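Input: structures, listed below.
Below, chain A partners chain B and then partners chain C, in two separate complexes.
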Partner chain A sequence: MQRNQPAAYLYIAPAFTIMVLFSFVTMGISFFVSLHDWDAFRGRGEFVGAGNYVRALTDLGGPFWIAMANTALYVVMAVVGVLCTALPLAMLCRKARRGQSLFRTLYFIPSITPMVVISLTWTVLLKNWGNIVDKPATALLSIALVGIWQGAGYNMLLFLAGLSEIPDVYYDAARVDGAGPLAEFRHITLPLLRNTLIFVTIMVIIGAFQVFTQAYIMTEGGPGRSTEVLALLVFRNAFMYGGQMGFASAMAWLLFAVLFVFILIQMRVFRSRKVYDQ
Partner chain B sequence: MTAPTPTAPTPRPRPRPFRWGPVLALAAMIVGAAVMVYPYAFTVGASFKTRKEFSQDRHGLIPPRFQPAERIQHARGRPSALDWEGADWPVMKNYADAITYGRIDVYMLNSFFYAVVITAVQLTVNVLAAYAFARMEFRGKGVLFSLLLATMMLPPAVLLVPQFLVVGWLGLVDSFWGVVLPGFAGAFGIFLLRQFFLNIPLSLEEAARLDGCGPMGILWRVILPLSKPVLVTLGLFTFMGAWNSFIWPLVVLSDQSYYPLTVGLSLFRDDSGGDWPRVFAASVMGSGPLLLLFLLAQRYLVGGISLSGLKGQ
Partner chain C sequence: MALPRKRSHRKRLLILAALAALVVWAAVDLARGTGPWKAVADYAGGLARSAGPIKPLAGALRGAGGAPKRPIELRVWDWWSPAIAEEYGTYSHELERRFEAAHPDVDVVFQAIPFGNYQQKLATGMIGRTPPDVLQVSVAWAEGLYRRGMIRPLNEFLETTPELQADQFMSSAWYHNHADGAVFGIPHIIDSACLLWNLDMLREDPQLHFMFERAPDGGPDFTRVRFDAVRDWDHFRWILKRLYKPAPPGGKAKPRYGFIMNAYSMGAGSYMPWAAANGITLQNRAGTRATFDNPAGVEALQFMIDVFYEDRVCPPFTREIESYGPFQRKEVACSMAGTFSGKYIFRNINWGGFGMTAFPPGPRGDEQKTVAWANMIAISSRCKHPKLAWEYIRMVAGPDGAALRLDLLKMNSPRLDFTGGPQWTAKVREYPFMHNMQQICAAGAPLYHTETQAVRDEMRPVMEYLMLNWGDVRDGKGKYTGCADALHHVAERVNMIYDRYNRWSRPPAPPAKEGTR
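Entry: the complex of A and B
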């Protein structure tokens, strides 16, 4: 192979132009905007420094903290829900002698359906079943249920891939030693599935922090502010509510700051996983 | 790996006790499958109901006027669901209404164009970049690749406002290109393709080079034909992502004739004044065909997920 091929830059140029423009430049712009009083129609206003951040963070009973609390609660429900459905389903699927592919297909359908369509259907289904969408106490739970229902099958596939990497020999050996299913799960499945477990958990957390569609379609953030999640709050501040883009950008960056912790963990797992695959 | 297994002395066949485990497991899986499938059955069923039927029977999967019991009642001359208002509608009336009043056909066509353009551009651009990263040497390669990977970590929710501003400065708000342009970026694809290209034996390329092929020729005649499965997988993922995307077109568009299916459905729900059967007809018509296509192609999708465990929605 040749030493240095300047032509390579031509090959990567189109991808990089788009990527740089819509990732790095936009992140820079976002930060710049967040330091200003920025109106959707009049554009750049006064420079306010950290003013927008302070406004979001110091208003303790205000929209930002309410949305943060809602989002965090949603994340917890989504993680618990997805882990408690996807992992058991994957273990059942792996055990199944026949019909595995049929069940896998059925569980997979929600992952390929637009979230908008899913949200429309579940709006009515949940109205039929005790109307939990319209009650402040259960509205967040109901959008979480929809998120879990949609994500279960996809994450089951990830678990299934992880499970298939565990050699059957271990289970056979455990059975010979007289281990029950519970002991098998605790001492073989769980430790050997550790990487996949962390990976799935982090992915679900990162995804759940950005939840938008269900909240927008099913509840519009209501009743009251009970389902106003961060992405919805950012959206509303930037594109409704008179277009306060500076304030919205500041809140988006605060969301990013929270996500960044999980992204760092994910990158570590991702790196170890890459080695694992090769 | 087939290690020689020591042959154990065959035990005497004993009658195996009946075990509940597998039965319970199967039952659990069937319950799980029912939970997954029920909403679809419900949606399809409700899309055929008349407004009266939907208000009288919100739970049933089969519209009352098609239920045998109601038919028998009707045949005996007793009052039945067949006397309700709208019972004489054409079966597909909600679907026809979804097109007439909801313009679902327009939205589907829009979605289709957006997804096709995004997929085509992403595949082209990503193949080129992935080939350079897999097979060429150039200064800054490592740093540039890390930069690419870093963009995968940027959450879309954070990019929303600035992307809108950038598209605005380019003068593309409320246009076809405004919708598709940010969708052209896709570091995941470059990563996936590079991994695949790296596994293609170099000797094939050497042979092509001896026959006088340049890098472009090698990419076109050697690499791409061998990469069909991964291209199909990536293409499907990209298409599906574009088809299902909601928040970006919602932000960038205000002219309804540009709406993709997702935003169009949301609008139709708002405009329909609680006429859910009509909304469901629009949902089924709009998402059904692609859903079937993705299901048929699920081999590639599932393969891609297990392979990389990366791309979410």
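Entry: the complex of A and C
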């Protein structure tokens, strides 16, 4: 196959231009902004260098670190929650002899419902179910529940695709050897779902680090600062406070740095292409 | 293979026939002016009329096809939208009709912008060259918008407009609209924080009849509560205890609470009126220092906590969409709200059996107080037709605009010539809860006005923490040692906000030159 195809560059040029313009150029601008005092309307103010980064990182006990801690806790809840719901759902769905499409559709509906609508609906539901949104100890858990509920269906489909790749002969052989359902799950399903599991976990982590809507709609970051997450803090500083666009950009870059670690892990895992039977 | 093709052809014919039947049905409905299709068309038309962006879009389309009928477009931004209340749509249509009648070459285009995104949309609109010409501005942002150069000074117009001079407005209204000698907004409505009282519950207890105004026969007028009905904070607590009725034992009935304290999203909102009643404000005039980190501020916060934890006359904390929700459901006798709440309660449940008072003075206060705010109409710094925009402001903020808002929106006006006339008297007769609105607003200390959102976001978590965890704080197990410690912490954070804000905010840009058509 001939690899030197100049025309190919023409074909990818439109998509590449759009991506460069709206991803990399804007990221560059955002970094430039993070080095200044900046207002959304007035534009560039004084050059502060790493001042905005230093301000975020050295205000120990301040909003940035509280939001970072809340976000990290939310990520843990989301990962555990999604894995504990999406995988069992996928396994149940796979076993369903009838109506598999119906279940897939039903579980997928929350994923295509706007988060604002979901948040408003759950605010009312949770209010009637013990006000867990209103207690500092359970508020973060309650917004995590909403995120898990929305994400379960989408991730279930990913697991379902992964499960369908596992040949039935492994299960048949295991059953002949006397393996029970738990042993099947531990020794066949989990290892052969490795790549899907890693993919789902990393994607949930990346998505969960950017949680915003539930915190904005359901709790406004409260009670106290118990649900103040990083994306909410960035949004407020950028668009609701005067002259804090630079600080917001710096926090966004710090968030990106954290996310980048997980992106690297994902890239490394997928580059290894290691699967169970190789 | 012929059979499936035939089936498919038949299916297509059936679909076409069904579509044709629907079209005929809709045409018949529309021609007769009745039926479900007419209702659908009316509804869609109503939506199109109400939706802000539709009109500019229609204008753009019309412009693309040929010259518009009215050559000048005056773009007006507001957060009063028919989506909030239908009467806002009626109001804006009426303003549009009046202004266009007086200026045949002007097309007034309303755009409803959500309150929560107003500043952000304004910045984007102005940078993106789709700025409003005239806009309603909240006191919470006005000074900030001016300092950022987004709204322009109005002094040059004000000099030649006798009906909009400062001495024609309540002093509490002419506070947030000027800085450094520049007037950047003309107040057109005024509201204040207030206490709402369920008059039926007050009437049940003869010992509380002193709270009512006197009727001509000397007895209590059970439709009107006195502005100064509550003497001081101790008196307030005594009244609440009388109003609280515990649930009968064994039954399913709930207790009737004396007062509702809103712990969530409290921020400065619930605290400020009590602080004002104890003689202090939240910030200094220049917006450089927090002014609540003192014994009076601590007393105000401790008072609120004591009402909840010591007197036990309040329901448990729950998040409410509106602070007056439980009051509206008649579960509590008294609630904190705004003077604007009355019209919403009346509209929501068609009940006007309530009254409003200001906040009673605390140990360091000397009179009934509250906080007041007068939202204003301003001209954007990128307005293309400032003279026309000023004409619009004259109409809205003048006596006729105030009368229109009273008539359509049951709204108060900061104009001193507003009350006392026949229209006001008739309105108060119809809605007695309005009778002392003006008096309450006149007792208003200024609302905080510098970087309000950032200040609110610093105050809210601490206030919420104290209200929700007072047991721990009292026992020495909390994050703070008490109210003084918590307020000191908040004041330090708020001062940091002011320092940052004052560092980057520079003197306003010179006024924009009048644009040419």
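Basically, the second predicted complex is superposed on the first by the 252 of 278 C-alpha atoms of A that agree within 3 Å, B and C clash if a C-alpha of one lies under 4 Å from a C-alpha of the other, contacts with A are read in each partner's own complex, and residues count from 1 in each chain.
As a convention for this text, a contact is a pair of C-beta atoms (placed from the backbone, for glycine too) under 8 Å apart; a residue touches a chain by one contact, two chains touch by 3 or more.
From a predicted model like this one, the values you see are computed outputs, not experimental measurements.
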I want to verify the contact counts: of chain B and chain C, which reaches more residues of chain A?
B
Which superposed partner A:L160 touches (first chain B, second chain C, both, neither)
first
Could you look at A:A137 and tell me whether it touches chain B, chain C, both or neither (first, second, both, neither)?
neither
Thinking of the overlay built on chain A, is A:F239 touched by chain B (first), by chain C (second), by both, or by neither?
both
A:V116 in the overlay: touching chain B, chain C, both, or neither? Say first, second, both or neither.
first
A:E228 contacts which: chain B (first), chain C (second), both, neither?
second
Of the partners chain B and chain C, which touch A:L182 in the superposed model: first, second, both, neither?
neither
Which partner does A:F103 contact after superposing on A: first (chain B), second (chain C), both, neither?
first
Tell me the contact category for A:G45 with respect to chain B and chain C: first, second, both or neither.
second
Chain A residues contacting chain B in one complex and chain C in the other 239
Which residues of chain A touch chain B once you look at their complex with the stated criterion?
1-9, 11-12, 14-16, 18-19, 21-30, 33, 85, 88-89, 92-93, 95-96, 99, 103-118, 120-122, 124-125, 128, 149-150, 152-154, 157-158, 160-161, 164, 181, 196, 199, 203, 206-207, 209-210, 212-213, 216-217, 230-231, 234-235, 238-239, 245, 248-249, 252-253, 255-256, 259, 263, 266-267, 273
Complex contact set, residues of chain B against chain A
21-22, 25-26, 28-29, 32-33, 35-37, 39-40, 42-43, 46, 58-59, 124-126, 128-129, 131-133, 135-139, 141, 144, 147-148, 151, 153-166, 181-182, 184-185, 187, 190, 202, 215, 240, 243-244, 246-247, 251, 261-263, 265-266, 269, 276, 279-280, 283, 286-287, 291, 294-295, 298, 301-302, 305-306, 309, 312-313
Counting only contacts in the complex, chain A reaches chain C at residues 37, 39-42, 45-46, 123, 127, 131, 133-136, 220-225, 228, 236, 239-244
Which residues of chain C touch chain A in the complex?
117, 119-120, 122-124, 126-127, 144, 147-150, 263-265, 317-319, 451, 453-454, 457, 460-462, 464-465, 468-469, 497, 500-501, 503-505
